[in-house]
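Okay, so chain A shows up in both of these, paired with chain B first and chain C after.
Up next, the complex of A and B:
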């Protein structure tokens, strides 16, 4: 799978990303590091523990990472959740979490094929 | 019995008289009673000190005249003999005693075993006419004490290099000079080596011939007025020409016929030399002053020149403006024309403004100090501007301007635009000035060649004016030259335009030629080369040149590893060094432990565990360290609406970068603070 196909698959912005990190090899290097990033798991744990402060921070970080790598779908999902717990305050709309999970899973799968 | 009593009285009286006589005679060697009538001489007393042979001479009862003659001949110095003879004659003595009660004659004796030298012959009247007392007295000791005092005086004066002398001008004798030791030294002779006559001759021979009269005049003045002084050059045997100051008074003690002067003789060479030097210096100072005056005058002249020139160059655009305003007034409803006028007025006004701004530069150009500024210019536009500015004046004077061929192909160049304008306007306005009614001015611009780097253009200005004589053409480019001061057009100008034009042309590395025929017109040809302006026309504002951030070091506070890695990558690309902290507390710690100035800026992620960006920034600012208050803290935030100046969260931040961070934004931000910080 090419990098462009990857971005198409995950609903990401290849063009924006390549303009920021001008080499495909570089982008690929960072993308391949994503699975090791703790932000998603931190968020998951935080929500389970109902640690809204941590949830806020984790979702915020996840949002940032996704954005940094041009993973727009993941970014949007994380951003929505982040706004919902900003305060921090308890997550009232639990339906905000599954899109995050799905987007994350999508990315991980795509990465496996990279 | 009475006789013995009488005898006793007489005897006593004689004894008394004898005692008195002896006492009085103590200082005299001999005293004689001389009867000039009978020519007899009787000794009164003869001191034991008198030399036997002298005494013996006087002892026999010789006639006075013979005795004195013998004395003089045998014992008196030859040089004094005649004088003494004359003065001791009966006739002379009687004549003199008619006026005085006594007189003395000084004389020297011939060398003798007792080394006596000077004697006084004392002659005095007695109660009896024709009877005189003559006494001989040695005055060596007296003279010595006088001498001693004199000697001390001379020593004092010697220190000041002042010698003492006596000059004797005795009648019928050669002049004599008696110089003391100091003076001998000043004359370059050993004391007592020359006779007084020789000494005088020696001194005189070495006086600068031109000053002999002066020296004589000095002596005359002394004798006449009692005091006098002369300065003269004197040829010293060893020192060469030295300067002498002589002065003195008449010698009252001179008792012979003629006159004598006693005075001082001083070497004033040092003073004279010093004075000469002073005079030379004064002369030099005067020369310098003269030059300074000349320079000042020249500067004044240059200043007036400059002022005239200034008015000359300023009038052209002002006239253009006035011309345009006339038109605007006349056609005040013709908007197209008004527009055109406004445009031309602006053009002229801009030119005028540049002129005024550069007035000092023009002056400096004259002084060779101007810095001409090269800038991109459009030659065709420039020439067009010049035409506009002079066209009004031309039309007003009923002249036609032909500008068919004033564009060139390679018109985008780098040149001294203002100066080129000056050159063209000067030539064009001259063409206007020196034209005839109904005449014509033709301007041409021809591109001679272009080699891809430079283009050579030739501008020609032709007029049908009064032309110039061959002779005048020689001086045309000199300042203030005007062949016909009564020019036909209204303003006369200052005659400086062409000298400036030439200077400018030369400054720009070009040439200017003139062809002219008296009565027919003139043609000026200016050839200039310009560098082509190869840079593309800038429509967009120029990007700031890539900032060199090498050497910059930032503290990056970011909790997410992946984000950090991406940031690190971008910083590497910018050659910016960095140190990383995973949260605010670590950032604070890193910063605190580093010396002041170690970090140039801090990139602070807002959202971090342990201590977030806001708190970390606050803590850093609170540190009692010199750079804590100033170090740029740049927030990294995803919140595009962040208002660093208003939002309290950014209270201690200086700026913020929006995530995802664009490399160019990061560069610009760092460059902004790096420059400022350093």
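Up next, the complex of A and C:
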């Protein structure tokens, strides 16, 4: 899969990303690092433990990382959840979490084919 | 400049740090902190950070806490900060600017923007640093020649008093050490770095009144008679009079400080000194410190009527009240200033190539800071 196909598959904007970041090779290098980024799992654990402060911070980091890598669908899902626990406060709308899981899964699967 | 400029990236996400590092390229030396506390501890130990890229949401200490600390320690005056937060709400941006951030880069990071803003900020600060250095060099030249003049003047007086060639240098060094120790213990006297430098300089003039004391009394090896001692005591008021009758520069801080020191460096904390019998903090702090430095140097130096005591003995004698009573705070400073004997021993050598430049730098930075403070206050009004 090319990087262009990758971005199409995960709901990202290839053109916007390549205009911001140095080169295709570097984008790929960072995208391949994403599976090692701890913020998704931190967020998952924090939600299970109902640690809302950590949930806020982890979703905030996840949002920032996804945004920087141009993974827009993941970025938007994380940003919505992040705003919901901002304060920090408990997550009232549980339906905000599955889209984050789905977007993350989609990214990880696509990376495996990259 | 041969060395690379150093940029500290404080962001809790390793991915974001890696992206920024890659964007900045090889032209810089990159330091990384994964939370606010690490960032502060790097800034604390490493004075040579040229720029800080700072995230807001971080564990332990967040970006605002880091900015607050940087204000508290005045690092913000020298190290520019560019915010790199994913938080774009205007309240966050404003708060960061209010706390002294230079710039705000929103996400997603754009390489061209990151590079350009980093370069611009570094250039701006390099210009400021050059200006500070320029001012420092000017102050240095001025201070160097005026210090030399003062030292020559006080040496003229000392010259008649055959035994104490190094007395003036010792007084200056001891005054300096005591004052620096004092400001670490209390801010009661509101002494700035510039005040300390001024008192140190003026302390050289403490005995100018001796110019009018007959050499037969000044250099008498035995004990002075009551009349002779009364004459000797007048060196305080004579010195003050000389300064008081200066036909010029009456308003100069140096003259005012020197006046206090000349007149009151034989006053004692309990009011039993001379010439005015002032008590406690009625005695200006400059005179209190020089009085203690004077006594300490008299004890630790050889005189025609006595041998030199070592540091510990001298301190013990002073604490026992054998030379009169002193401000208890200053006595604390004296006991904790263990570096006194070595630094006095080196003061003659040190004086010849004393690091005026560092001091001038200090003073000019303090001046600039004061100016900046006034400007900020104006803006807030």
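The working rule: the second predicted complex is superposed on the first by the 114 of 114 C-alpha atoms of A that agree within 3 Å, B and C clash if a C-alpha of one lies under 4 Å from a C-alpha of the other, contacts with A are read in each partner's own complex, and residues count from 1 in each chain.
Just so it is clear, a residue touches a chain if its C-beta (ideal position, glycine included) is under 8 Å from a C-beta of that chain, and two chains touch if they have at least 3 such contacts.
Everything numeric here is computed off the predicted structure, so don't read it as measured data.
**Student:** For the combined arrangement obtained by superposing on chain A, do chain B and chain C clash, or do they fit?
**Tutor:** clash
**Student:** Which partner chains sit in contact with A:65 here, chain B, chain C, both or neither? Use first/second/both/neither.
**Tutor:** Touch status of A:65: both partners.
**Student:** With the two structures laid over each other on chain A, which partner does A:52 touch: chain B (first), chain C (second), both, or neither?
**Tutor:** So A:52 meets neither chain B nor chain C here.
**Student:** Who does A:20 touch here: chain B (first), chain C (second), both, or neither?
**Tutor:** A:20: touches chain B and chain C.
**Student:** Thinking of the overlay built on chain A, is A:33 touched by chain B (first), by chain C (second), by both, or by neither?
**Tutor:** After superposition on chain A, A:33 lies in contact with both partners, chain B and chain C.
**Student:** So which bits of chain A does chain B touch that chain C touches too?
**Tutor:** 19-22, 26, 30, 33-34, 37, 39, 57, 60-61, 63-65, 67-70
**Student:** So in the complex, the part of chain C that touches chain A is made up of which residues?
**Tutor:** Within the complex, chain C touches chain A at residues 12-16, 18-19, 22-23, 55, 57-59, 86-87, 107-112.
**Student:** Name, in rising order, each residue of chain B that touches chain A in their complex.
**Tutor:** Contact set of chain B toward chain A: 559-563, 565-566, 569, 607-609, 638, 659-663.
**Student:** Can you name the residues of chain A that touch chain C in the complex?
**Tutor:** Interface residues on chain A, with respect to chain C: 17, 19-22, 26, 30, 33-34, 37, 39, 56-57, 60-61, 63-65, 67-70.
**Student:** Give every residue of chain A touching chain B within the complex, in rising order.
**Tutor:** 19-22, 26, 30, 33-34, 36-39, 57, 60-61, 63-65, 67-70
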